[in-house]
Amino acid sequence: MFDAAKTETLLEVNNIEVIYNHVILVLKGVSLSVPKGGITALLGGNGAGKTTTLKAISNLLHSERGEVTKGSILYRGERVQDMSPADLVRKGVIQVMEGRHCFEHLTVEENLLTGAYTRSDGRAAIAQDLEMVYTYFPRLKERRKSQAGYTSGGEQQMVAMGRALMSRPETILLDEPSMGLAPQLVEQIFEIVKAVNEGEGVTFLLAEQNTNVALRYAHFGYILESGRVVMDGPAAQLRENPDVKEFYLGMSDDGRKSFRDVRSYRRRKRWLA
Amino acid sequence: MFYREAGDFKTSYRADSQTFPIRLDRMGYVAALVVAYGIVPFVIDDYWANAVFVPFLIYAIAAIGLNILVGYAGQVSLGTGGFMAVGAYAVYKLMTAFPDVPILIHVLLAGGITAAVGVLFGLPSLRIKGFYLAVATLAAQFFLVWLFNKVPWFYNYSASGQITAPERTMFGIFITGAQTTAAAKYLFCLIILTLVALMARNLTRGTVGRKWMAIRDMDIAAEIIGVNPLSAKVTAFAVSSFFIGIAGALLFSVYLGAAEVGEAFGINKSFLILFMVIIGGLGSIFGSFAGAAFLVLLPVFLKNVLVGGFGWPTDVAAHLELMIVGALIVVFLIVEPHGLAQLWRIAKEKLRLWPFPH
Amino acid sequence: DLTVPNLSYRTGSYAANGIPYADGFADYFTLLNERDGGIGGEKVAVPECETAYNTEKGVECYESTKGQAALAYNPLSTGITYQLIPKVTADHHVLYTPGYGRTSSANGAVFEWVFNYPANYWDGASVAVKYMLSQNGDDLKGKKVALVYHNSAYGKEPIRTLEELAKKHGFELVTIAVDPPGQEQKSQWLQIRREKPDYVLMWGWGVMNQVAIQEAVNIKFPMDHMIGVWWSGSENDVGPAGEGANGYKALSFHGVGSDYPIYADLKKYVFDAGKAAGAGDNLGNVLYSRGMYAAMIISEAIKTAQEKTGHAAVTPEEVRDGFENLNLTEARLTELGLPGFAQEIHATCADHGGPGTAMILQWDAAAKKWSAVSDWIEADKDVLDPLIAEDSAAFAKEGGIAERCK
Amino acid sequence: MKDTGAGITTAEGGSVGPVLMELRNITLRFGGVVAIKDISFDIREGEIRAIIGPNGAGKSSMLNVISGFYVPTEGEVWFRGEKRGPMKPYQVARLGIARTFQNIALFDGMSVLDNIMTGRLTLMHSGLLSQAMWWGKAAAEEDEHREKVEKIIDFLEIQNIRKTPVGRLPYGLKKRVELARALAAEPKILLLDEPMAGMNVEEKEDMCRFILDVNDEFGTTTVLIEHDMGVVMDLSDRVVVMDYGRKIGDGPPDEVRNNQDVIDAYLGVAHA
Amino acid sequence: MLDQLTYASEAALNGLMAGVMYSLVALGFVLIYKSSGVFNYAQGVMALFAALTLVGIQKGQVPFAHLINAVTGGHLETFGWQVPAVLAILLTIVVMIGMAIVIETLVLKHLVNQAPIILFMATIGLAYFLEGFGDVMWGADIKTLDVGLPQGINETIESVTDTWFGYGFFIDNLDIVAAIVSVALVTALTLFSQYSKQGRALRAVADDHQAALSVGISLRFIWVLVWSIAGFVALVAGIMWGSKSGVQFSLSMIALKALPVLMLGGFTSIPGAIVGGLIIGMGEKLFEFFVGPLIGGATENWFAYVLALFFLVFRPQGLFGERIIERV
C-alpha cells in the first residue's frame, strides 16, 4: 500500500490566508502537504473553507474576487500563484469544481472533449480515453448527445468527473465528488478514484463531506474548521479518533444512531468550545 | 472605528427595516438634505443650475427609474430615451392644452402616461429575456422616436416638429420658460427627486421589491415559489417608466426648454442612463445618485480642466474626454463591478474595522 | 475684449461638417485681430466650445460663456437654436443663425434677438424651385420633384413651403424621408428610380448626403438634376462618390473658392503665422467659406454698433442694434477683400431675414471644385411672407410676446 | 392502496392521515427522453414520503411535475380530492405547495432575511401605492410577517446570518436558508430535493431534526428526495423507488430495503 | 398591378442585399458573444476604427498628427507615400490583432466571470474610448475609402431583367461583392466553430468562464483569437460600408442596423446572422415599399426591431440561437 513517508511531497500549501472582496477573511493560515501518488482528503463542515483552499491551489480565486494574501502554495516547488490556471492544467493539476459547472450548451460528449483541450497526443489517444470514461460511466454514454444543461444532477456530476479524467492529469483536485450521487455510485466513484490512483499513479486531493467514504479511501486527512486546520493525520488514525467518530462519522460508542433520535439533544464541538 | 454600527440596537422590526438603520448614516443623509434644501438654493447661479445641478437631479430621477427595472427587476432596457420622450411629449401636450393647471400635476400625469406606455412595451419581457430583451426594447426606442417625429399632433403641427416649453408657473413662481430662476428650477427638480427617491426606497424594501429581486435573481425559482412573473414584470415596467417619464418631462420642460425628439431622446440617452445605473451600482438607490452625479459632472469637469485649464483645442479635448470617460467606465467596472454604491459599502466596512485590516 | 463664442462641433456624427465651418469662423476673427488689431481697436476673443451637435452640451456652452458678455451666438444646429431662442431673449444676447435655425425668426417684430439673414430654409426651397423654373422655361407643370430629407426638424422645414410652391407652379412633390444618420438609403433611391422625378431636391446633413449622392450615382440619376440645399453641398458630400458626382448642384448664399483677395491676408497673417484654427486644408471650401461668412457678418454688426455708439467696447444689447442696422454693401465687401462674395444686406427692425437670395453651385469632379452656374436668385416672397407671418404669430401667441416695430 | 379514507399505520408506528395528493399515471417526455414512465402514487396527509432512485431516474422531474414546473405529457395530479387543472407554477404555490431545489435556487442578490420573506409573498397582499408611501397596511403587514419569519429563523438557528447576502454563504447554510424560505410559506406539502447533499453527518443531523420538527409540529406533509439511505430509512414513512423513469418499489422503508429490484437497481448491496 | 409586383421584387432583392451588409456587422457580434458571452457593443466602432486605419495607412497619414500639431505647433499631415490597397489591408489586420491583444490585456482579463451586463457595459466604455482614440489618431474629417471594389448598378442584371420583366432591376455591384464575401466568411466561421477544437473551447468559454479555466482553456488566448477574428470581420464591414459613404464617425452607427439581425438570427448562431440579415433586409424594404407611403416613410429603423421582436415572441432565443436552458 501507499506509504506517505516514502514519497516526495507534490503539493505544499504553506500557511495561506485568503480574503474575498478585500474584506472577508476566509482562510486563516492553512497548511497542507499532498504526497505524490496519495489520496489526501480535506474534511470539514459547511463553510470551513475547503472549496476556497482548492480554488487557491488551482488559482481560480482570482475570478471570484478572492486573493491569497499570505503564505505560499508550491507545486513541485514552483509557486502556483505565478502560473495561470491553464498552465496548471498543462502541468497536470486539474480541478473538478463543486456544483458541477458543466458547459450547459455543449453536449455531454463535447463536454468531455473539452477536458482534453490541453492535450496534444493525438485524436486516437483522446478517443481511447473517451471510451475509458464511458466504461466508468455507462450512463453518460447513453446521454452523450444530450445537452449537458438538460441532464440530471447526478449525470452532470459524472460529466464533471469524466471531463477531468480526460485531461490525463497528474493531480486531481476533487471538490465534493460524491455530492448528489446515488450511494452505489458514490462507492463506484471512489473505486474509480482508487483505481486511477493505483493504476495510473494519479495524486488526489479531495474535499468531501461524506467523511465516512472519504476516510475509507484516503491515505491522509486534514480537518478544517472555520478556515483553520484543526486536525490531521493518516486516515486510519483519524477514523479511530473519538471526536471524528462522533462529529463526522455519526457514530457513538454504541454504533450508528438513528437520525430520528438526534432531536433530543444538541451537540457541541469540544475543540471549538 | 470611525464608522460604527455596534451598539446601535433595534428593539422593533419596524426600526430594523427603516431606510437608514445606522445612526451615523442617518445623520449623514440629514446633513445632505439640509445642504440641498437650505444652502444650495441661495448660492446657485445659472451656470451651476443649468450645467450641473438641474441635469444631475433629472438624471438621478431617470436613473432611479431605470435602476428599478434593470437593477431590481433584472430586465435590461435600452428604451429609456423613448420613454423619456413619452414623458416630454405628454407634458408638452398637457401644458399647451391646460395652461392653467399647475405644472407639477402635468409632470405627474406625464409620468402616468409613460407608465402606461412602459407597460405595453414591457409585455414581451414575459417571453424574451436577457440581451434579447435589451435589444427588443430598442424597438420601443426607435418606434417612439419615429412616432413623435412623424405625427404632427404631438408637436402641435409646428413647422419643424420642435417642441418648445411655454412659460408655466406654480404658486406664481416660474418653473418653465426663460424667466425661471436658477433656484426655482433647482428646487422644483429637487423636490420631485426627493419624492421619487423615497417612493423607490419604500417600494424596494417591501413585498414588491422582493418580487422584483426574486425575478431578477432567478425567475424560474421565483415563479415556483409563488411570484406571478407577469405582475412582477409589469409593475416593474410601470413604476420604472413612471419615474423615467417624469424625468423626461422635466428634462424637456424645465431643463432644455425645447427639444427635438431624435436628438434629445435618441438612443444615446438610453445608454447614458444605463451607464449611470451601472456605474452607480445596480440595485441601489444611492448608486443611482452616485452614477448620475458622476456622469454629469465628469464631462463638465474634464472640459473645464482640459480646455479651461490646459488650454487645449476643443476637439482634442473632446476626443480625449471620450477616451477618458470610456476608459474610466472600464476601470470602474474592473475595480468594482457592483458600482460606486458597492465601493462605498466596502469603504464603510473598512472604516468600521479601522484600524484593523480585517 | 469683445467676446464671440464659437459653439462648434469637431466630434460626433456631424464632425466632418462642423470642422471646416468652425475653422472658417475662427480664422476670420484671428485675421481681424492680427491684421487690424481687432474690431475698432478692440480685440475679439473667440472662446471655442464643443457641442458635438448635442443640445445639452449646447446649453452648457451657452451658460458657460454668457457671463463673458458674449456678443453673438452661432451654434450651427437647429436643435440648439430652438433651445437658445427663449434663453437669449431673456438674457439679451444675439443669436445669429445664417441659413439655419428657426425660419420665422426672420420676423424681427417677434424675434427681437434672433437674426438669420441672408437666407433661410424657406428661401432655399423657393430659390431651388425658381432655378428649376428658369431651366424649364418658367414652367414646371406636370413635372415631378422629389424631396429627399433628413427626417428631423431641420429636414422637415422646407416641406410646407414646397407644398405651397407645388400648388402655385403645378408640379408634383414627392417627399422621401431618410432617418438619420442615413447610412442605408436603398429604399429611398429605389423609389426615386421608380418614380423617375425630374428633379431631386436634397435636404441632408452629415453622412446622409454622401450616401444619397452615392446612391444617386448608382441608379444613374442625372446629377445636374439633383439639387442640394446649402447644407448638402460641400466637398465632403461629393467626395466619396468620386467621378460619379460630377455635375451635382447645390445652393449657396455666399461665394466659394480661395481666390478672393482676403485670402492673401489670411495666408499672411493667419496660416503662415501658424495661427490657423484647423489643419489648413479646408481653405476656400464651401463650409469654411460659410463659417467665414458668419464671422464676417458678426464683425460687421459689431462694427456697426461701434459706429453707432461711438465706443469700441460694445455690449450685447448694442450689438443687437448693430445687427438690426447692418448695412452691408458690395462696396464694403470689396473693402473687406470679398468682392461679390455675398449679397447686400439692409437689415431693419422687422427684417431679420435679409434678401433671401442664393445661387446655384455645381461640382466639377475632375477639378474638384464648386463653381457658380447661376446668378443670385431671389426667393418668392409672395409665398414665403405669409408663412413666416403665420408661424411667428403662433410663436408670439404661445409665448405672449408683443410685436415690435410698429 | 386506493382507499382515501382513514389513515394507515406505518412501520415506524406513526400514523398518517388520508390521501392529500395523488399522482395518476404520470408520464413525462422531453423529445426522445422519457423521464417518467406511467407512475402513480399517493401522498398522505402528515407523512414523510421519500423518493429514491439512481441518478437520472426522474426524481427531480417528479417534483417538478408536482410543483407545476413541468406539465406531464400524460397523467393527472389530484390534490385534496380534486383534479388539478392546468396551472402555472405560481398558482400551484398558492395552493400551499412549497419546495427546495436540488441545485440551490436562492436569490443571490438578496439577504437571508429577504430570501425568507419571499417565501411569504403568497400570503402578503398590500397594494403598490400603499407600499410606495409605506403607509397603513404595507408597513403593518411587513412587521407582522417579519415576526413570523423571525420565528423560522430562530427555529433553524440562522439568526447570525440574517443580513448576509446569500451569495456569500457556504453550501450547507444555503440549503438551510432554502428550507427556511419554503417553510415561510406555511405549506401544506413541502417538497425537498436532496436537502442534505453536500453535508456532513452533523449537519445532516441538524437537517433531520428540522424536518422532523416541522412534520411533528405543523403536521406538514413532506416529500423528500435523498440519496443518503440512513436518512431515508430513518425519517420516511413510505418510500417510492424510481429507476429509469419507472416505479420499481413503493412501501414502508423496511419493505423497500429488502425489495430485490431496489437492491439491484439502486442500493447495490443491502444497506446497513 | 404587375408593376407593383416587379417593383416589390426589386425592393425585396435589394432588401436581401442590404441584409447581407447588415449581416457582415452582425457576424462580428455573434463571434464574440459565442465565445465569451460578451455582447460587444464596440463592434460598430471597431468597423469604423478598422476603416479609418485602412484609409490612414493607404494615404500615408501621420497618426496623431492633429494632437502632435496641437502640442508642438507643427504641420504634420502625411508621410507623403501611398500604400497599395492589399498591403494596407494586411497592415490593418495586424493593427486589429494588436488591438485584440490590448483589449484582452487591459479589459477582458480583469472581468472574468462577471455578469454579462457588466461585460456589455465595459464594451460600451470601450466603444467610447475607441471612438475618441480613432478620432485623435486619424482625425474626424470624412475620408474616402477606395480599395477598388466595383460600385454602381450591375448592368448585366439590369439588361437581363429588362428583357424578362420589361423593367431593369437595380442591383448594386458592391452588394454583390458583399454577398460573396459574407457567404465565404460565414461558411469558414461555421466550420471553425462547430468542428475545431478551438471552436469547441470557444463555446465552452461562453457557457462558464470558471469551468473553462478549470479544464485548462486559456481564456486569454481564446479571447485574443476571437477578438482578432471579430476585428477582421469589422474590417470587412468597414470596407463595404466605407466604400459607400466615406469613412467618418457615422460608420459606427451601423451597429444599430446589425442588432435586429442578431436578435432575429440568434446571438449565438453564425448562419443565423446571415439568415437574420436576409429576413430583416427584405422585411424592412418590403414594409417600406408597401406600408411606408401610407404612414409617412422612414420606417426602416424601427420596423427592423419590431419584426425581430415579433419573431422573438415565438422563439425567444432567435431563429437559430441556442435553446435557453430553463431548469431547476
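Letters are used for the chains, namely A, B, C, D and E, taken in the order the chains are written, and counting of residues starts over at 1 for each.
The definition used in the following text is that contacts are C-beta pairs under 8 Å (C-beta built on N, C-alpha and C of every residue); 3 or more make two chains touch, one makes a residue touch a chain.
Note that this is a predicted model, so its numbers are computed, not measured.
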Inset, instruction - From chain A, count the fewest steps through touching chains until chain C is reached. - result: 2
Legend entry - Chains touching both chain A and chain D, listed by label: B, E
Legend entry - A-E or C-E, whichever has more C-beta pairs in contact: C-E
Inset, instruction - Please indicate which chain is farthest from chain A, where distance is taken between mean Cα coordinates of the chains. - result: C
Legend entry - Remotest chain, chain E as reference, centres from CA atoms: D
Legend entry - Length of the line joining the C-alpha centres of chain B and chain E, rounded to whole Å: 32
Inset, instruction - Averaged over CA atoms, how far is the centre of chain B from the centre of chain D? Could you give it in whole Å? - result: 42
Legend entry - Inter-centroid spacing, chain D versus chain C (mean Cα positions, whole Å): 75
Legend entry - Centre-to-centre distance between chain B and chain A (centres being mean Cα positions), rounded to whole Å: 47
Inset, instruction - Can you tell me which residues of chain D touch two or more of the remaining chains? - result: 69, 101-103, 105
Legend entry - Residues of chain B whose C-beta touches two or more other chains: 146, 220-221, 224, 313, 315, 318-319, 322
Inset, instruction - Could you check chain C for residues that touch two or more other chains and list them? - result: 10-11, 15, 19, 151, 179
Legend entry - Pairs of chains, among all present, that meet the touch criterion: A-B, A-D, A-E, B-C, B-D, B-E, C-E, D-E
Legend entry - chain E-facing residues of chain D, complex: 64, 69, 101-103, 105
Legend entry - Residues of chain D defined as touching chain A within the complex: 12, 30, 33, 53-57, 60, 102-103, 168-173, 194, 197-206, 208-209, 212-213, 227-231, 234-235, 266-268, 271-272
Legend entry - Parts of chain E lying in touch with chain D, wherever the complex brings them together: 327-328
Legend entry - chain B residues touching chain D - in the complex, by the definition given at the top: 12-14, 17, 199, 202-203, 206-208, 210-211, 213-214, 216-218, 220-229, 235, 239, 283
Inset, instruction - Provide the residue numbers of chain A that touch chain D in the complex, in ascending order. - result: 20, 24, 43-48, 51, 98-100, 139, 143, 146, 150-155, 157-158, 176, 179-187, 209-212, 247-250, 256, 258-260, 262-263, 267
